[in-house]
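First the structure, in the form of structure tokens, and then the observations on it.
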Amino acid sequence: MFDELRDLYDSVILERGRKPRNGTKLAVFDAEAKGDNPMCGDRVHVFVRHEAGRIAELGFAARGCAVSVAAADLMAEAVSGLSDSEALALGNSFEKMTKTGLGDEQSLATLRPMAGVAAYPSRIKCAMLPWVALAAALAGEGTASSE
Amino acid sequence: MNAMSKSVASRTFDIEAIRADFPILAEKIRGKDLVFLDSGASAQKPVVVMEAMLHAMQHQYANVHRGLHWMSERTTEAYEAARDAAARLMNASDRREIVITHSSTEAFNLVAHSFGRGVLKPGQAVVVSQMEHHANIVPWQMLRDAHGIELRVAPITDAGELDMDGLETLLADGKVGLVSITHMSNVLGTYTPVERIVKLAHAYGAKVMLDGSQAIVHRRVDVQALDVDFYAWTGHKLYGPTGIGILYTKRELQEAMPPFMGGGDMISSVSFEHSSWAEAPHKFEAGTPPILEGIGLRAAIEYVEAIGYDAIAAHESQLTEHALARLSDIEGLTIVGRAQDRGGVISFTMDGAHAHDVATLLDRQGIAVRAGFHCAEPLIRRLGLDSTSRASFGVYTTMGEIDVLADTLERVRGFFG
Amino acid sequence: MNAMSKSVASRTFDIEAIRADFPILAEKIRGKDLVFLDSGASAQKPVVVMEAMLHAMQHQYANVHRGLHWMSERTTEAYEAARDAAARLMNASDRREIVITHSSTEAFNLVAHSFGRGVLKPGQAVVVSQMEHHANIVPWQMLRDAHGIELRVAPITDAGELDMDGLETLLADGKVGLVSITHMSNVLGTYTPVERIVKLAHAYGAKVMLDGSQAIVHRRVDVQALDVDFYAWTGHKLYGPTGIGILYTKRELQEAMPPFMGGGDMISSVSFEHSSWAEAPHKFEAGTPPILEGIGLRAAIEYVEAIGYDAIAAHESQLTEHALARLSDIEGLTIVGRAQDRGGVISFTMDGAHAHDVATLLDRQGIAVRAGFHCAEPLIRRLGLDSTSRASFGVYTTMGEIDVLADTLERVRGFFG
Amino acid sequence: MFDELRDLYDSVILERGRKPRNGTKLAVFDAEAKGDNPMCGDRVHVFVRHEAGRIAELGFAARGCAVSVAAADLMAEAVSGLSDSEALALGNSFEKMTKTGLGDEQSLATLRPMAGVAAYPSRIKCAMLPWVALAAALAGEGTASSE
């Protein structure tokens, strides 16, 4: 009955949404920020640890829907090893993909399961929430909102 | 003009005839029949409302109140008939007690500015409850921060009912100037015991404002019997257009209340040194009013009156009982709030599935529900939750739609389970 | 959806085709053809506006912004398209600069509260002119009385033009924080030299708000070229529905401005202790917005764009010239205001006949004009008058209608003469 | 061309509106009040002199339309010799007549030329303005508004 929904609820999203692999606060970190989706209550807290000018590790604590949690979990993997500016550039490409459904850059490989969100405009902000929080963390701001 | 469709004029509750009055219900969503269970956010509009607005734009329109010409006189009559209709619907004793606003939200801001800054004194307090819509919280916070009015919060029970003892405790020191509480929660469906609230508050010298945005859709409201001081509701939830709201204000309170907004129509005389105000209700209605919206709202009120609150309430309680029974049977589903006296607004959570995901899956099947805070963040937090899904009913909701909801929720559980 | 009627899509100014877009113009008043010369108070609505609103109510409606379901998503898109349309119409650089209000009046009250109380400091001054609508006077008086802001009044000349030297004198001490002046007088038809006003005010450190309620109906407005800080107008005068207005607010000013009204949609997070605000423009838009009205206004904007301001302005200046010539020929009739740069709003008085009596006699012939203060009492007093009659034109006004007006006024003179 | 208008602009109204007979301030008076029609600018200032508990004389200064001036002028004649309560009662009958167009009481004889105003709802307040001012004067209030 929900077969049509597999476009959004890709099995990766369902699984990552339920059991994120990177969903832990880091004990040691040098940047962090909270992201809020005020209209619906999704929250994510992102922690970043750098090494040699690159993101060595990203962990998070999230309360929210499968889409936002999966987005955070995949983000953690996708930005690992990137410089801050590379991570932010990837966030921009990701945002484009969530809006158009398209994105065949190599860099988006890990994130591609999220592309189906494009068919659900009101869910795009769920997918973007962790990225907005990451940008705030890297900019040294404490909180951000995806509304 | 504004003639009611024949199907409504005098009937017992005929759900098929009612549904035929709402053309949007025939729409398909992603190929599925629309099952619209989001009337608590905004209701659909019957043909009579569309016709009334269309008729005005096609045949009889001009600005109101100031015109000496035919179109303006006729439009003024048609617009002012909304005030009469609202007065009749709420059983106000005087049409001048009806202030026409643009929404419930404006009504709360109006009272917070005018009564709040103009009548309440710093050091006095306003009481709201834990289960208020943001429209009945934020204006009082702004009043508190700007004017030194204390804001007190009456507790609710875990069942989602107002804690009357808790309310009385807050009133005890006699400092409370206004109690502003919902008549029906837009999250839990709880009806509050408004007669008792008004009596209690008055006994302690406090005025009472009720948020009827949800209640008046489902239940007869009698402001005289209630002896309430302010009663606010919003047109778009009562099957009327957006952009119009009603604020009942007790006649004896109007004189002491200064205007909220300034502009045309609310003045008696203007010079740069000094302006004097028109009589209420015009004092509170600045600028060109919602003319087309008033004309539409009057048609909506007449539509509701023709069906009758007895029939509406009976239908709603049938739906609600059935929905509570069906949803309670779903494993892992928790109904939020279990008030004794409750109506057709039902919030729930589902183990392992976030409210957003539930809403998206339901939407895929054409079922429209809301998910999130429902503009009542403090209530959701009070209940220890992050969000809920909410189904809410209108006159056009059917038992069959409740079944579609319940069946689909079973499958949603399977999807995430 | 919102498709423009074929007659409008791409044409030069074809008055008959335009009139066909406004069905109300075919009405008879007391057996006479309607001659609607009261568009300055509120304009009639073209079919495209009715169709857009009707389509929403029939096929695509739900509350906006908060919904995760199809109807809500689609309605949000349709509603938010009004913001884009307004931004395009005014050439705003950023759609977030467009705040959707319920009227011009609300826009002035919003700025008076938010910028006035939140940004201006007691001891600073606001400047208005002698030819303002009450909507651009009373909110500043309320600000003055509540917040210690001085209110200064820029003089006009006897011809009804802004006295620019007088304005500069008021600015000289550097205390003025805001100059709020009409772009076009709703009584005299005068266009003010807005480019010069903005430059002058900015040179003295003052921000500028313009009342475009009349101007935007007749003239292209480019907020970037003007470099204006606030620009307000109201939907029902631009052929759109009642209950909606637009406030352009320069992006860089929004951050410092606190909200005006509190409620849903304008918050980021609410707890009883503290609420935080959403980003602009939502910070300034509390509660369920004027959804149907936004959908209607977008259609109105597209209608105006399809005709084009060049054609509109050319038509208007033809009408105005003709009307001034014909009315000047009537003995005992005095045209009030003789500005160089003026548009299709003409006030006049008649010896021996009071404006009300004139209006009633014209109405008897189906001619709708307004009489009285036109919500600009200080201006009428400044001119030494008690009231005027006013004829105001729209895109659908014809040369023939001007002739009917002039011929009938000749006879009115005979009646009272 | 305006023959239809004779219903409102009865020749009495036209004449009284142009040249009221009682349109003067009283030199000696014991009650007075101003009436204002804020939406349109009509103003009337009513002066009353009592003798032996009855209205001996009523004068006024008015700026306004033919309807309000004529109404004031006719009122001055109609209330002369009445007690305050009789004058107020007459005002009530007059108001009914302006709304319905009907009024065959003997007491309304002087005022009957105003009956045509019933066909022009927005002009009723012009006709009522002097009566509202009179009521304010008799009640000892300074101003009144017919809006």
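Which chain is which? They are A, B, C and D, in the order written, and residues in each are numbered from 1.
FYI, a residue touches a chain if its C-beta (ideal position, glycine included) is under 8 Å from a C-beta of that chain, and two chains touch if they have at least 3 such contacts.
Predicted, not measured: the structure shown is a model, and the values here were computed from it.
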### Message
I want to compare two interfaces, A-C and A-B. Which one has more contacting C-beta pairs?
### Response
A-B
### Query
From the C-alpha centre of chain A to that of chain C, how far is it in Å?
45
## Note on the structure
CA centroids of chain A and chain D: separation to the nearest Å works out as 76
### Query
Taking each chain's centre as the mean position of its Cα atoms, how many Å separate chain A from chain B?
37
### Query
Where the CA atoms of chain B average out and where those of chain C average out, how many Å apart are those spots?
31
### Query
Mind pulling the chain B residues that touch 2 or more other chains?
30, 66-68, 72, 267, 269, 356, 360, 371-372, 377
#### Entry: Residue list for chain D, restricted to those that touch at least two other chains
39-40, 120, 123
### Query
What are the touching chain pairs in this one?
A-B, A-C, B-C, B-D, C-D
### Query
Which residues of chain B touch chain A in their complex?
30, 352-357, 360-361, 364-365, 371-373, 377, 380, 386-387, 408, 411-412, 415-416
## Note on the structure
Within their complex, chain B touches chain D through residues 65-68, 72-73, 76-77, 267-269, 278-279, 282
#### Entry: Touch list for chain D against partner chain B, complex
36, 38-40, 120-123, 145, 147
### Query
Once bound in the complex, which stretches of chain B touch chain C?
23-24, 27, 29-30, 34, 36, 38, 41-42, 44-45, 49-50, 53-54, 57-63, 66-72, 102-106, 108-109, 112, 133-135, 137-139, 141-142, 151, 153, 234, 236, 241-244, 259, 261-267, 269-272, 274-275, 286-293, 356, 359-360, 362-363, 366-372, 374-375, 377-378, 381
## Note on the structure
Given the complex, residues on chain A that touch chain B span 1-2, 4-5, 8-9, 14, 17-18, 39-43, 63-67, 120, 123, 126
